[in-house]
Amino acid sequence: MQVELLLERFTHTRRQTEALTAPLSAEDCQLQASPETSPTKWHLAHTSWFFEEFILGPAGVDRVFDATRTMLFNSYYETASTGFWARPARGLLSRPSLAEVMALRERISANVVAFFRESPADAEALRRLEIGIHHEEQHQELILTDILYNLAVNPSEPAYDAASPPPTPPRETSRWQHVSGGRRWLGSEGRAFCFDNETPRHEVLLRDFVIATEPVSNDEFLQFIEDGGYARPELWLSDGWAKAKSEDWRSPLYWRQDARGWRTMSLHGALPLDGVAPARHLSFYEAHAYATWKGARLPTEAEWEAAAPTLRYGEVWEWTQSAYSPYPGFRPPPGALGEYNAKFMCNQIVLRGGSCATPPGHARVTYRNFFPPEARWQFSGARLANDA
Amino acid sequence: MQVELLLERFTHTRRQTEALTAPLSAEDCQLQASPETSPTKWHLAHTSWFFEEFILGPAGVDRVFDATRTMLFNSYYETASTGFWARPARGLLSRPSLAEVMALRERISANVVAFFRESPADAEALRRLEIGIHHEEQHQELILTDILYNLAVNPSEPAYDAASPPPTPPRETSRWQHVSGGRRWLGSEGRAFCFDNETPRHEVLLRDFVIATEPVSNDEFLQFIEDGGYARPELWLSDGWAKAKSEDWRSPLYWRQDARGWRTMSLHGALPLDGVAPARHLSFYEAHAYATWKGARLPTEAEWEAAAPTLRYGEVWEWTQSAYSPYPGFRPPPGALGEYNAKFMCNQIVLRGGSCATPPGHARVTYRNFFPPEARWQFSGARLANDA
Amino acid sequence: MQVELLLERFTHTRRQTEALTAPLSAEDCQLQASPETSPTKWHLAHTSWFFEEFILGPAGVDRVFDATRTMLFNSYYETASTGFWARPARGLLSRPSLAEVMALRERISANVVAFFRESPADAEALRRLEIGIHHEEQHQELILTDILYNLAVNPSEPAYDAASPPPTPPRETSRWQHVSGGRRWLGSEGRAFCFDNETPRHEVLLRDFVIATEPVSNDEFLQFIEDGGYARPELWLSDGWAKAKSEDWRSPLYWRQDARGWRTMSLHGALPLDGVAPARHLSFYEAHAYATWKGARLPTEAEWEAAAPTLRYGEVWEWTQSAYSPYPGFRPPPGALGEYNAKFMCNQIVLRGGSCATPPGHARVTYRNFFPPEARWQFSGARLANDA
Amino acid sequence: MQVELLLERFTHTRRQTEALTAPLSAEDCQLQASPETSPTKWHLAHTSWFFEEFILGPAGVDRVFDATRTMLFNSYYETASTGFWARPARGLLSRPSLAEVMALRERISANVVAFFRESPADAEALRRLEIGIHHEEQHQELILTDILYNLAVNPSEPAYDAASPPPTPPRETSRWQHVSGGRRWLGSEGRAFCFDNETPRHEVLLRDFVIATEPVSNDEFLQFIEDGGYARPELWLSDGWAKAKSEDWRSPLYWRQDARGWRTMSLHGALPLDGVAPARHLSFYEAHAYATWKGARLPTEAEWEAAAPTLRYGEVWEWTQSAYSPYPGFRPPPGALGEYNAKFMCNQIVLRGGSCATPPGHARVTYRNFFPPEARWQFSGARLANDA
């Protein structure tokens, strides 16, 4: 029965989120080292607020979040029941405490289960429950990307997980895979769950192209660095060059060079550069400059989706060359949930694939991730393509 | 003979640029009221530098610009013969004087003519001459957009041209024009002149759509304002709303409301709002919010190009909903001229059409203008579209 | 014996600091809501670092702080053994944890006691021990001023101490006290402990003046507000007016007006305005504007010190009109401790007196506190003076 | 007769201002390269506005400046007849043109003379006329300091005056001059003209001190540079060090080092460093660091004034160590003229002496110039002092 399956997935997802925070102290969970990276505690509260705001509240269930907390943990929904706390100030909240937030979570979880036990046939609520689960999975990944950033500013280089990482599996040499063009379908058929931005499914015209069978590796990106890639403006987009100069970029985020050689900060602490692993924490600008340096380019998202069935993927989010824009015929849903994806369709670039931090089963071939071109704190890398 | 025709157009274009500056004093020509708007004097010098940098210099003709001036009047070519002066500081140059710049122009013009009289068969030089002419036409429009901005900050509201503007021609009521979808060609065939970003010509798949026969008028936009359009976040893209709030936008740029009602600052000074005229000086964000308010959307650039033959246009640059990105198979030309268009293919939106400030014969159906989504000082407006 | 007395005071001071933090959680102790306000945890660590840097380290005692922590908890000593962590980033450190910092404190405290038991006659070390004790007392006050600020940004208005505050004692009406001028001694004789900036004692010439017997009260300051004080530029210093406008000041820091009337945020949470209590959390600019509005002025620090013996004081730090500058003949001590006070003798204003947050016995008549004129998060108020 | 003498000085001063601008084009006169440096044209208009605002307007003489221009050329008088144009935007005004401003000047000058011919006994107006003359003299110096800055940003290094500068006169070796302390009078007796901030004359107590007979020379300052003075934080005030690092100061303003050695930009263009000449264009921070490096200090303004009769001076404005604050008993005059000096008595340092750019007869022993400690575009240098 669908309700039961959903509630099972709901409960699993809630537990999974909490398990992710197990290695962290209350102090760790409060860190916000940049306006983009939210505290773990905020993620824990916000994902609970979501269920109350969009399911329990409209259904008249008594609120667990008081008015102030409803405001504090709304992320960006202008048309929700309250305004929202400024994003850069999320790390300035010691109250509610982590323990209180955990208790709030428990109560919300219980309320959700109780509500659906009583109203198992509320189709709109069920639809929102499924969105809420996927929403929480997105925040599971953000918990990891954000805590990595938030810990990495500490010069003592704390590890989120002090255990050694699993060894990078052996990796085949990348080669060009030919993909035939023509009319191709793009977007979700809508039978399984998808976000609104993956619809409507529509046809596009593609030309023949080639795409690399492997994402760019650290060793490959190191060659770009050693060839002066960060000092050659002809390789860069104009805005990318300005950003790289103003912030003095000389390597991807988290790369550090000292007498020991190159190291990278990771969830397992600072480790020697793993040359075989996919290059991570690239901005779109760096991915684009690298591709130009190789005489290649990034794939469009349509090319990526067309090629995806033949590729192994999921190690890093892969920057495409496509700006994030609505599919033909796209209409956001009415109400505040219409703000979920649609209002960000400007100044963002689509990433495809998934990463080591993406919850299993979360992403799919039609999934459209998006970030501004300068973002580097995600597990973002590059896969090359070229005209056939 | 092609050389003679080109030189005639060259000479005409040069004279035309100078004629545009006739109403301005040397003081006017030095104004730079924002980092985006260059002084008239700078435009006069830069368009001359272009011919020396890309034609006369490589051909070994003695330089008219010394090393310092070559640097001062390079706009943004990282791989040109010198670096370049910071854009926001262009208004800080009283030397060379306007008179000196005019003399430099004369010498460059003479050198160009002399060079082609001697070397009429240098195909690459001829190609660059044609680019240089179109480049100078682009700066003719920028001279007007920039001087409007630069004069408009003065509270005495000086007119570029004190004569009354011609009356707005009578205008038909806009209606929805149906356009059938299917495979459509996009881009230039390349027989007549075009910029590199208009190529390669390629096919795209379109769905049926409707497009307005007229651009949005001032009266129509005023209804948006009066309906609280600038205070309703649900109508806006997220970045647009943030911009509108941080800069306290309450109307398009140059609109002013006082006891006399709405007035707009124009090249003819401050005038009562002309309700019938197309709304101008909209950012993409405002155009997008307006379309959302109307239950419509902006056209993609492919839709616009498909519909263009059936439309009257050219009053305002029309924001499309398309991010500025390379056409499939696009490759920028080698060398510094490859920086002309390609490196800006990020964070910009395509505008189509042309404006009252565009030199006659400059624009064309395949022409891709582009500006950041917050830009408002261009003669930019909106035309609505919708799914069929 | 002096060593034993000092060690007793040392131990008392250390315990007192720790007691101040008892009401706070580890999360509270990590807050930094502005670049000026440090986290409680940082204060706890820094005051320990001080003893290691200036006493134990030079004496060869094994370091408790490793190299990274030595850098993290140096405040601003350019010539100390390491550089220092950027002040605005002090709140970004979840490691070391509060528990670790408390353990570090214990070890440092034990090491200090053990060292002086072994070397009771090291005069320079004893001198530094005394400075270190007074230094830690200064940070006791900062712990309170900073946590008030850091909690006050939270819209749930958390109290540092949930108990009700003691009632404000009844207060006499302020009157003008006449003080005769002539030659007066300023500064410390140096028999009891003082900071370097209180020396050398020297004579100044004063004119007759009057000084208020009471500091400005909340009720009095409210009249300034109600008379439009924040909207009348003629009352303000130029820089103060610019600051007040750019930050939209309409009342002292922590004053909030709503349907319930005026409330002020305090260590006991948000409370109704106590009209009788001294006005607190004034910047120098506000104190100066208030004085101008009253047709009076602030006292100079020499006037204040001359009048002090006849006044009750210690409720608020009182802004003088004196810029913080060296006394005639002042020489900072050699070495990094010379940076303690001297390098701040520019762009700061002297405050005299003491506050409810000052540890008992810490301040004295010659004590020179100093903050920039825009600072408002201290317990800072105003006492009026005037020419006789 | 006093009126005639004043009118003669008025006319002379007006002509002198205009003569200073003779070497400049209208384009030069519009430059504003920093918020602190006003365009020459603005100075020309503002000094005329002053007479209309404070003498002619109150007397009912028809206004020459319309409402907009009255606003544009008010500098900072909050309580004057209109608001004022933002200081950083003074360079954005091409209208009124330089020619129009010159015509406005003529009319104002004529109106002033006519008014006093008719009302020779208006004592308040005469007092204001004298202030206006001295005010205009101050702006004569600012015209030179500002145009030097405004031209110096141009990489072609234009000279205000292309003639070679007069050779620096031979200079004696500086030695320490002993000055006895005791009670000394400070401030103006008020018989001859002075600004309000020079009053009231009052006694201070000084200790014996020594003062250098010569200001610091370029050669001497060069030794500071070569000894690493800009890289040694222990020599600097805290705010000074922060400023020097954030703006990458490595020498005084206008010093440039290249293959030819050290050159300095001056009103005569870029010249080889003149080792014998007084070091100029120092901030207070640099003067203070230099003094610390020499084991000396800057004099207080009281010391400076006490020593002045025995010193040759007037080559550079000499930074004292005194913050700019009111003399005991100081009261600003009522009305907008009270804003002239009083509201700046915060965050500024007093300079004494005069410079090569000061109009002859303008400065005096009691004259208090003041600028923020980071200001470097004035002709500001240093003279050392020390305790006896």
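Note that the chains are named A, B, C and D in the order they appear, and that numbering of residues resets to 1 at the start of each chain.
Quick note on the criterion: contacts are C-beta pairs under 8 Å (C-beta built on N, C-alpha and C of every residue); 3 or more make two chains touch, one makes a residue touch a chain.
Nothing here was measured: the structure is a model prediction, and the numbers come from that model.
Number of steps on the shortest path from chain B to chain C, with steps defined by chain touch: 2. In this assembly, C is the chain whose CA centroid lies farthest from the centroid of chain B.
Per-chain CA centroids place chain A at a distance of 45 Å from chain C. For this pair, chain C with chain D, the centres built from the Cα atoms lie 36 Å apart.
Looking at chain C, no residue sits in touch with two or more other chains.
Touching chain pairs in this entry, ordered by label, are A-B, A-C, B-D, C-D.
Here chain D touches chain C in the complex through residues 76, 78-79, 183, 202-207, 233-234, 236-241, 284-285, 288, 300, 321-323, 325-326, 328-329, 338-339, 343-347, 349, 373, 387, going by the rule given at the top. Residues 25-28, 30-31, 33, 68-69, 71-72, 85, 89, 91-98, 150-151, 153-156, 158 of chain C touch chain A in their complex.
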